[in-house]
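Letters A, B and C name the chains as they come in the text, with residue numbers starting at 1 for each one.
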Amino acid sequence: MSGLRKTALWRVVSTWRGGLSLAVMLLLALAAVFAPWVAPYPYDIQNLSATNKDPSMGHWLGTDEFGRDVLSRIIFGARTSLAVALTGISVSVTLGMCLGAAAGYFGGLFDRAVTAVVDLTWSFPEVLIALIFVAILGPGLYSTMVAISIAYLAQFSRLTRAQIMAIKNETYVEAAANLGSGHLHILFRHLLPNAITPVIVAGMLATGDAIILEATLGFFGLGVQPPKPSWGAMMSSGTAQIFLAPWTILGPGLAIAVAVVSINLFGDALIDALDIRNRVRDL
Amino acid sequence: MAEASQPAVPLLQARGLTRVFSSRASLFAKKRELAAVSDVDLDVARGRVTGVVGESGCGKSTLARLVLRLLEPSRGSVAFDGIDLASVPAPALRLLRRRMQMVFQDPYSSIDPRYSVRDTLLEPLLVQRAQLDAAAQDARVAGLMSMVGLNPTLAASYPHQLSGGQKQRVGIARALAMQPDFLVLDEPTASLDVSIQAQIIALLEKLQQDLGLTYLFISHDLGLVRYFCNRIVVMYLGRVVEILPDPEAPPRHPYTRALIDSSFEPDPTRRRVVTLLHGEIADAFNLPPGCAYAARCPQASARCRDERPVLAQDGAHSLACHHPLC
Amino acid sequence: MALLDVSDLSVGIGALQPLDRISFALKKGRILGLVGESGSGKSLTAMALMGLLPLIGARVSGGSVRFDDTELVGLPEEVYRSLRGRRMALITQNPMTSLDPMLRVGAQIDQVGQLHLGLSAAAAKASSIDLLRQLRIPDSATVHQQYPHQMSGGMKQRVVIAMALAGEPELIIADEPTTALDVTIQAQIIQILVDLVRQRGLALVLITHDMGVVAQACDQVVVLYAGRVAESNTVDAIFARPTHPYTQALIACIPRAGQAPGSLKGIAGMVPSVGSYAPGCRYHPRCGKAQPICQGEVPVLQLQAEHRVACHFAQPQGAHG
């Protein structure tokens, strides 16, 4: 089974779209992980005599209203965005797959109950869910992560459930039951491996959305709190000097765009390579 | 076939086995019930091949699954080697499954395409918690593969790299992995070409002799059943209509007669005269009160339409008919 | 004179040659059985005869097909269309896919009469109902108004046969018409087809993998293996004195009541797929009589009256050897 996926990965990477987007994603990830070594300055060093400076050799993207290096803040901001988005989506995928698998496999009333609850989360816009959690838990890292976990749950749950239901009546599942397999064995060995691929791709695309959600919260000051930098918050404070120092908005804005576009492109390339268009798009 | 002497207790005994499926066309429609299997009594003798033959809708596939407890019966009981399967707790049932296995019809869907032959053959050991070290595992896989006539070098292959016949051999090897006593074969050759079908039947014969297996052989192909089986159970719309004690026994039930007449022999000097039946197969959801075959039977009388014939034993031959042919 | 005369017909798909020099002839009122396992090219032959190869990206790469003195190979599509459904009809394997689920079955049969025979709607309907009655469908007027999903498999297949007959064809090609059906229904339908051929003087090419059906219904038999004719002969001769090793082995593969247990052997090896054919005789990897010459030379068809065999070592075997 891994043989099949290896060749698919190669097919993706060998295209312009797949290879380039993967490179950009890796670049961002590495920059985020090694931020203290990659960023030219720490993100909170203020230099009140050099506020709102244009891009220069010393500051590739200029400085903000407190004289902090915009580029460094963007690199550290990547940490926030990626960490929050990836954690949130990972939890969402895990939770969604568990619920969806259980619903699809056991069926009956349990399925209807789970589907009803999941559909409920589906019907709320992500921002609204995020605001609800911020109201309950207060602004910050954790409420953003929880919000992301809940907001994107539905699609993973539905995808998994659909995959499970499509396969659970296959003869080889019956054969496994015939051998004396318990439910867990059947789920993990025969059913979930088939569900994983479309869910992973959906998860990847959702990560892009999660980054935007995190930035949106940050824009309104409801996300990660200062002095920790976040792209959204940077854009928000940048609005005050949009004509004076446009780089303070454009920088983080471009960062968000590059991150999300590269993730989406890679996800698209994966879909094409794995030829699971039908399964992911028709949610 | 291995003509083993018949011990007193059959390996498998089913009594009054019934399975009803209900469905509902829409929320407001009435619930409809389908008795896929009705009141089936079945004995499977040790070391012998019992055949179950019938056309679509006769319930033979459902019967196969009831016998192995892959489906719960709505009524009735199944006893394997004297043990009532309904009263057995789940862990004991799991162990019992080592002794009774199934070979499925469609080799293309009965093996998980994501796993190699080796993984598929080791799965039974995994499920049954039979710990073997790597060397013993390799030996077991190789042993199973050569038992079914597969080249052991194919162990690392995936199902899509195998032919239909090879896939079916993997299915048989998997069923044999825990050394069962009893195999249920659900149309094991129906999806295969004639030349491959004969290969697989020859293999099954050899295995039965070498390992002393008991078979329940399910098929729609009467010619094959008459070649392969010692005893033949004929089913129609969920009920047993006749049990022939041996393949040469003359049929007494008109349906069995019709089945035999419809199985053309590969011999142009012995062409059949096909009497065109009138009437259609009864709607399984709406079975008439009497004999289900009455609508198509040339001998049907008023009694047949009102009163359902009960399966009665006459020596080794059983029959459910008011107007037997002989 | 033969109504259908196929001579050295070859079919190519891309660089592959799945059918190689198929020849047979069929007269009116006779039934020809085209027998083979999967990959033998039976369905491809049917499509070639009906001019439907472009649908699957294939083409006739050689040979000729003469239908009542008209050469079909290279015939322009408009002319072919006037033949299809009118003088030659095709019955396919799966009635589920031959019928439009959105239309009543009667309408689908009526269409044929209206299109090909220029019948009025009323005349077509009367004719269709009569056809259904001849096919022993009870209550045919009611059935005429039903939708496919309301009918059983056997009924649907009879409707498909009615559609094939509605144009009053002279030649019917039936591609595994009963494989998907229950055995008692199969027997009925085969008998109906045989009766129709005898009564109306039609010609029928019956494509099947079932030697029992062949023995029951056919007058002459063509045995295909891997896209080539292995043997062709009258039905009596082919069963009584099979000459090609494949024919002999194929007949021996069929289990019979009373046959000694353990005597069923099968043919070793696998049915070859297109693209993996052996050089020379395509059967030689599985043949018990293979010699080095079989790998090199493609065996030449030998003509002996109605009997043709493609084998270097053709030797008749006694009945049911």
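The definition used in the following text is that a contact is a pair of C-beta atoms (placed from the backbone, for glycine too) under 8 Å apart; a residue touches a chain by one contact, two chains touch by 3 or more.
Keep in mind that what you see is a predicted model, and the values were worked out from it rather than measured.
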item	value
Most widely separated chain from subunit A, with each centre as the mean of CA atoms	C
More contacts between chains, B-C or A-B	B-C
Geometric centre distance via CA averages, subunit C-subunit A, whole Å	58
Interchain centroid distance [CA atoms averaged], subunit A/subunit B, Å	51
Geometric centre distance via CA averages, subunit C-subunit B, whole Å	31
Contacts with two or more other chains, residues of subunit A listed in rising order	none
Set of subunit B residues in contact with two or more other chains	none
Sites on subunit B touched by subunit A in the complex	68, 70, 93-95, 97-98, 101-102, 104-106, 109-112, 114-115, 123-124, 126-128, 158, 171, 174, 178
Interface residues, subunit C side, partner subunit B - complex	37-38, 136, 138, 152-153, 155, 182-184, 186-188, 190-192, 209-216, 235-236, 239, 249-259, 261-262, 264-268, 270-271, 320
In the complex with subunit B, residue positions of subunit A that touch it	1, 3-4, 170-172, 174-182, 185, 189-190, 193-194
Subunit C partner contacts - residues on subunit B that touch it in the complex	1, 55-56, 163, 165-166, 193-202, 205-206, 209, 220-224, 226-228, 247-248, 258-259, 261-272, 274, 276-281
